[in-house]
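Structures follow.
In the two complexes below, chain A is the common chain; its partner is chain B in one and chain C in the other.
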Partner chain A sequence: MTKNTHFNWLNALRMGLIGGVVALLISLVGMVEEFSQRDIIAGVITMGQTLLFIAILMAGYFAAGRAAGQPGLNSLPSGALAGLVTAGILAVLVVIIPLLNLRAILPNASPALIRILTFLQESLVVGIFYLLGAGAMIGAAGGLINILPAGIRRAVILALFWVGLLGLLQELLRVTLTNMPQVGAVLSWMFGSRGLSVPGAIAVFVAVAGGNYLWASQGDKVQDRIRAQPPATHRAMRWGSIVVAIAVVLYLPRVLGPYLSDVTNSVGLFILMGLGLNIVVGFAGLLDLGYVAFFAIGAYVMGVLTSSAIGQNAGQIVFGPQLSFWQALPIAVGVSVLFGIILGIPVLKMRGDYLAIVTLGFGEIIRILALSDFLKPYIGGSQGIVEVGEGQIGPVIFNTPQTLYYLIVAGCLLALFISRRLRDSRPGRAWKAMREDEDVAQAMGINLVATKLLAFGTGAAFSGLSGAIFASKIGSIYPHSFSLLISINVLSLIIVGGMGSLPGVFVGALVLVGLPELLREFSEYRLLMYGALLIVMMLTRPEGFWPEATHKREFHEAAASEVAPESAPAS
Partner chain B sequence: MLRRFLERFTLTDLFMWLVGGSILALIVVGSFLTLRAGHYTARHWFDFVVFGLAQGSVYALIALGYTLVYGILRMINFAHSEVYMSGAFTGYFVADAMNRSGFLDQNPLLALLALFAVAMTTSITVAVLLERIAYRPLRRSPRLVPLITAIGASFFLQYTFRGLYGSQNRAYPDVEVLDGAWSLGGEFIIQKIQVVVIVAAAVLMFGLYTFVQRTRTGKAMRAVSEDKDVAALMGIDVDAIIVRTFILGAALAGAAGVLYALMFRQVNFFMGFIPGIKAFTAAVLGGIGNIPGAMLGGLFLGLFESVGPTLFLDGLGIPAPYQLKDVIAFTMLVLVLIYRPTGILGEQLTTAKA
Partner chain C sequence: MAPILTARQVTKRFGGLTAVNNLDLEIQERFIHSVIGPNGAGKTTFFNCVTGFNQPEAGEILLNGHHLERLSPDRITQLGIARTYQNIRLFANLTALENILVGQHPRLKSGMLGAIFNTPGTQREEAKALAEARRLLAFVGLTGKGDHLARNLAYGDQRRLEIARALASKPKLLLLDEPTAGMNPRETEAMTAFIHRLRDELGLTIMLIEHHMGVVMGISERITVLDYGEKIAEGAPVEIQTNPRVIEAYLGREEAEAAGEPA
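For the complex of A and B:
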């Protein structure tokens, strides 16, 4: 027992060091400086500072979590020490940047970074004291959060999260609210010049924390009361919510305005691709890293068939039948399916990592071919294809973000419908059986060739549709739009959402495509954060944010029983 | 006999035969036409071959990292290309500093050794951290999980280094000793740097082979790759051996990075991606998990890639065939995996694991 009441110095130091390294990395990569242009709470705290504070808070939280002994007594000093160490490492950075002229190697070790780290103080010494003090306090706060009772802790963390999120999205909210002046006036006090205002932040914090706490204690009763209603009411409620959802979807572009509609459209195209890749990776378990190939094929077929800039002198390509959008669309999807099957046949016998690398190779082959001089007369080489046709139904031409929105929503709904029906029918069950164990699935009479090709074909169809709409939306096609990053993007979003989960695709696309589109500063660090997110997801929550039922069970079983699922039987 | 054959012969087999046959025909016809046209003299071909061997030895060095890790963990260390990049990219700053202080020209041998040491140390650090943070906790999870982690780690490292060192191209300084060429009599000349790269790579590979075959650690590595659990029962510290494997692979990758940078001068944060895939192709080509196989596969791929575009495609009248060299490499990867997934040296493991 004597050991337990002992103050755990070493552990707090260790956590502080880890936190310090993370904070150092965030600073030197340039995120702190870049993100400091955006305020979370106007005039109080910027996003860059928030990032650092999160690092310190986590260090304090974990240091307190590992501190042995009675909670409360040791947690606060442990957290404070960890925070102090983290801040100390940053302070060292502040001192050595000018001494060693680090900027020659690390461009982000700039005077601006020093100013941010020392809270804009004139004197370096005062600034460092501020930094250390803030570190200790925030570390202690992290420790404090750790020792709160579970219910309150969840409420506090959630409330902090929402304050941050609303602060980030305030521009978006403001644009939306200007389109609805009645609501906007009421809420305008919440937002300061560049972020949440102080009363706004407090209001959000209190509302979320209180709401969460109430729901945690009273939620079961409310749910019971709803469950106790007669079936007729249930049906009415379900129909009511469907009607409301449809109304919201139809009315949305008017609220959003052109810019936000455009962002929504990007998200929609990624949802479409995500639904396709979800069939290949999520349902059938075939890791495809060259998924962008079908997106490119859909776009190029649409471009070649509808472009009006053709001929030796008039445009980049020599051949083009100048079909209309609606004539070209099914052809584009059909060609994508064809390629999905053609590229699927060679990889039928491959599994896991080999499949991933080969499909990656396919994706690159398609991109390099599109870029090459070899195919230039037909698909434009590096100059691409311009003047791609636009769709039209009656008087509506799909050429503005707000009209294209309906086209994309229709595409997503179609893909969602097909995905759902396939999932719950025979092929869907075959895919899942194959995902779990190919050999057993084959022994059970599943035709692996047909099942795999169906997955590849359906996946390619959705991606091709997405590509065709993309071509028409942008109006021109260039090979650099079809880099490997798109494949990684789509893969990340279905993994973050939860492999094999349909709502997960929507969640993933909103988080991974929507957020970075809205926050310009993010774009530079998009892939860095994707990479980190993939690692963290796999380490802590491999089933994703909105997991599919079977997957969740599987991952938790694997974690529960220590039986080694040793990849494959040794030969 | 024929009936049984027809029963087992499916439409997909037919398709694959057609694809394989037409690619083979393309290669034969293309080579024939190119050679008949005679635009290229013996000297050109000699240059292609030497360049291919130099390029190939860099591939081989990286491929060894893939093969070592695959041999032990049965996973593709997708982030290995970034291990390679980190060494070369960090080395630039050392090389630049030494160049400006004049040390590089006064003491070229010492300077180059220091350069290699720094690059290899950086690569080793990155690889060890990678193993500790991203791979070790996942050793018992389903197969797709570590692969996705590796992809994530690859992008994370790429863009971390972009953030740290900036996104522009950096040019390695000129090393005077390595400039110029030797004449081999007649019209054949050979660039000094290419010789140095080939020789250095050969020495490193020989060193690795000896290490794995002759030392105690090497023996333990082979035991772990055979069967982890039994190796642990025999008193081998499996975790430590895995870390050492990563260290070996990373050291070779760091050296490969410097050799590459000395040859092509340019380094940037994205430089690992294509060589990474190529090196993986090389590892598969030679039979993944097989150390001599990776060396052979690397050299073969380098050769194929430098001679191939001109030899196969030029005769067919394809403009700028050199743009398509990556297509040739990837096509080769696909073909190898389809028709001979065990690679040239046929490691038995691959059939079951692939």
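For the complex of A and C:
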């Protein structure tokens, strides 16, 4: 934008329009109304309103960011104008819904939406006045955030985010933590009936903002002091944190209770798949869109080998050796690896989009085969396989969410361990070289056939393991569980977390699998949110939430680089 | 003296275009042998035939008596040929050190299981590989830059890293495709001295493509000139400088008659 001191109203107008279109969209798809049943801060602000306010806040923020001249002078009015425009568009919506009977075309343009947008005021005029006022104020607040010094700005944004997140999750947190009476008093003070209480919200805001600001200004000193400790202390600290992490992981299902444990298990199965696809896509750069195939194969092998529903009746299969879970598990993983290699052979010569399309086809072929009448006697067709076996160690049977949790955590840890070891090894380097430049990698003496098949096989192993546990967890398998959407979910979580990054897989799975499970209202808008999140990520943070760090090895001894294991896994 | 690389009647066509035509070439051990020629003369195509990127339609290429024509690039590298590229092709998102470690790939043994269980053998091999990578880093003068991503290195550093990566496979024959392209005179001089060191200290045979005539004439023991895929001259720098066919190829007929010597 031009560098003058004139008030850049055109730009503010543009930002306001963009914000308005976004606000209009989320209102008319029904998100605002749906989410209004949940409060962020009890009695003050609902989640639906929060969504709208975020749109306005962003409009104000960016309008102020583009405002020319000295910062501060024009930022507030720019933000306010942008917010006003955004709110104005919503006001127009409020007016024309009853006038044009919009509800006939847009079912979500309901009287309830009007009530929400006009702050439950009886009179429409007063409501619109409120709406415009709120828009201008929030827009100005967006402008204000923009002109804050960088350190404070980061603290404020982070604090707002945490207030939102805690408010969102209050129901869960309360249910979870009621087992611990010690924290009960704190909780009832912090949370209202729905969402955070006002003092709770203020406390969270102050704590997060203050903590972040302090860490930003003092964190380096603390880190320096830790670094200055003798190696023995370092080792003790590292072991201490490992022990704490293990204790937390072991104790977690008791705290979480059955429902949250089940959610954690779903996340864990996706982490397992994500770690596998991370090897194929993140390390080796082979874009595989049919990854669900190996998940399905693992599940079906587990199902066929352990199912006790044998016979000719409906829902039964003709062949089933009725092996135990532990006998079937390695076979399931082995068969998945075998299929990973078999499906890998035809695509050895393919790259990029061609590879993606062919693997996409493979994924569908496996699903359709599972549905087919041809294989129905063996794998049940659309009726699936029931009575899949359960794992057992001593007295512990893995059939409840809280016991399965340990099985899945063990699987994730194993996959994480293998991924870590492979990442820094000769095969891992060959994968990454191939990802960077396939021709040059081959000219460096890397056997592309072996390297690619190793990647496909390893990826399929993790996915097969995940599928086998999934089959045992659900107890029955149906072809519709293995849709293309699973492949897309796994790929998305890798992209969101950060390609090739192991912690990124955990972050991605928590965000893309965990959050939608926890917030049931989201489920209807899941794909919309996925799409929006992916676009925003690609534009603002293409390397992912937690990108792969480069390894500093030049001045380290080779042995030292292998010692530190990853702490705090599947939470 | 037996040649380390022998090419006999190598022909490579792309559709109707004959990029390399009936080329005979011998490279003597421990020579610095330049291949020059105007743009489109088939120099890089010949490099690609030697390294297995392209399969020649006819003819044979032998490294110490081993046929290379039907082998894949990775096998050829394992036999002892390494190369650099005209437009630098490093593994951009790996660190400098990792680039060199990848270069050592064919000389290392540890596989998947060794990596997962981190066996003592693997640990020893990795430690040795890392030490070797640091040594190569120092050899090309990049000490202290090993942890930088390759794409963040300066242009000259990238060229040298590419050579270090090629050296990591312990080649007998090193193919350099325009090693001084895009360098200023000072960097060019340093690179020339460095190529000499490669031969003198490491005992390598070096075949290079180069456009910079000052470098070619100063560095080469033998020069082969290609034009339209065919060899038009071969000999020591002095012979090439005065060869009328070479002058003609570079300057065109009329200018060649007017001018005495090429630059």
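Operating definition for what follows: the second predicted complex is superposed on the first by the 543 of 571 C-alpha atoms of A that agree within 3 Å, B and C clash if a C-alpha of one lies under 4 Å from a C-alpha of the other, contacts with A are read in each partner's own complex, and residues count from 1 in each chain.
Following the convention adopted for this analysis, a contact is a pair of C-beta atoms (placed from the backbone, for glycine too) under 8 Å apart; a residue touches a chain by one contact, two chains touch by 3 or more.
Source: prediction; values computed, not measured.
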Partner chain in contact with A:Gly151 - chain B first, chain C second, else both or neither: neither
First (chain B), second (chain C), both or neither touched by A:Arg421: second
Partner chain in contact with A:Pro98 - chain B first, chain C second, else both or neither: neither
Touched partner set for A:Gly240, first chain B, second chain C, both or neither: neither
Which of chain B and chain C A:Gly210 touches, first, second, both or neither: neither
Chain B versus chain C as contact partner of A:Pro258, first or second or both or neither: neither
Winner by number of chain A residues touched, once chain B and chain C are compared: B
Contacts of A:Gly219 with chain B and chain C, given as first, second, both or neither: neither
Common ground on chain A, meaning residues reached by chain C in one complex and by chain B in the other: 554-555, 558, 562
Complex interface listing, chain C residues touching chain A: 51-53, 72-74, 77-78, 83, 85, 89, 91-95, 97-98, 101-103, 105-106, 108, 110-112, 114-118, 122-123, 126-127, 130-131, 134, 137, 144, 146-147, 149, 165, 169
Residue numbers on chain A that touch chain B, as the complex places them: 25, 28-31, 105-108, 285, 287, 289, 345-354, 356-358, 360-362, 364-365, 368-369, 371-374, 376, 449, 488, 491-492, 495, 525, 527-528, 530-535, 538-539, 542, 554-555, 558, 562, 564-565, 567-571
Residues of chain B that touch chain A when the two form their complex: 10, 12, 15-16, 19, 74-76, 93, 133-134, 137-138, 140-149, 151-160, 162-166, 227, 277, 280-281, 284, 318-321, 323-324, 326-327, 330-331, 333-334, 337-338, 341, 348-349, 351-354
Residue numbers on chain A that touch chain C, as the complex places them: 417-418, 421-422, 425-430, 432-433, 436-437, 439-448, 454, 458, 550-555, 557-559, 562
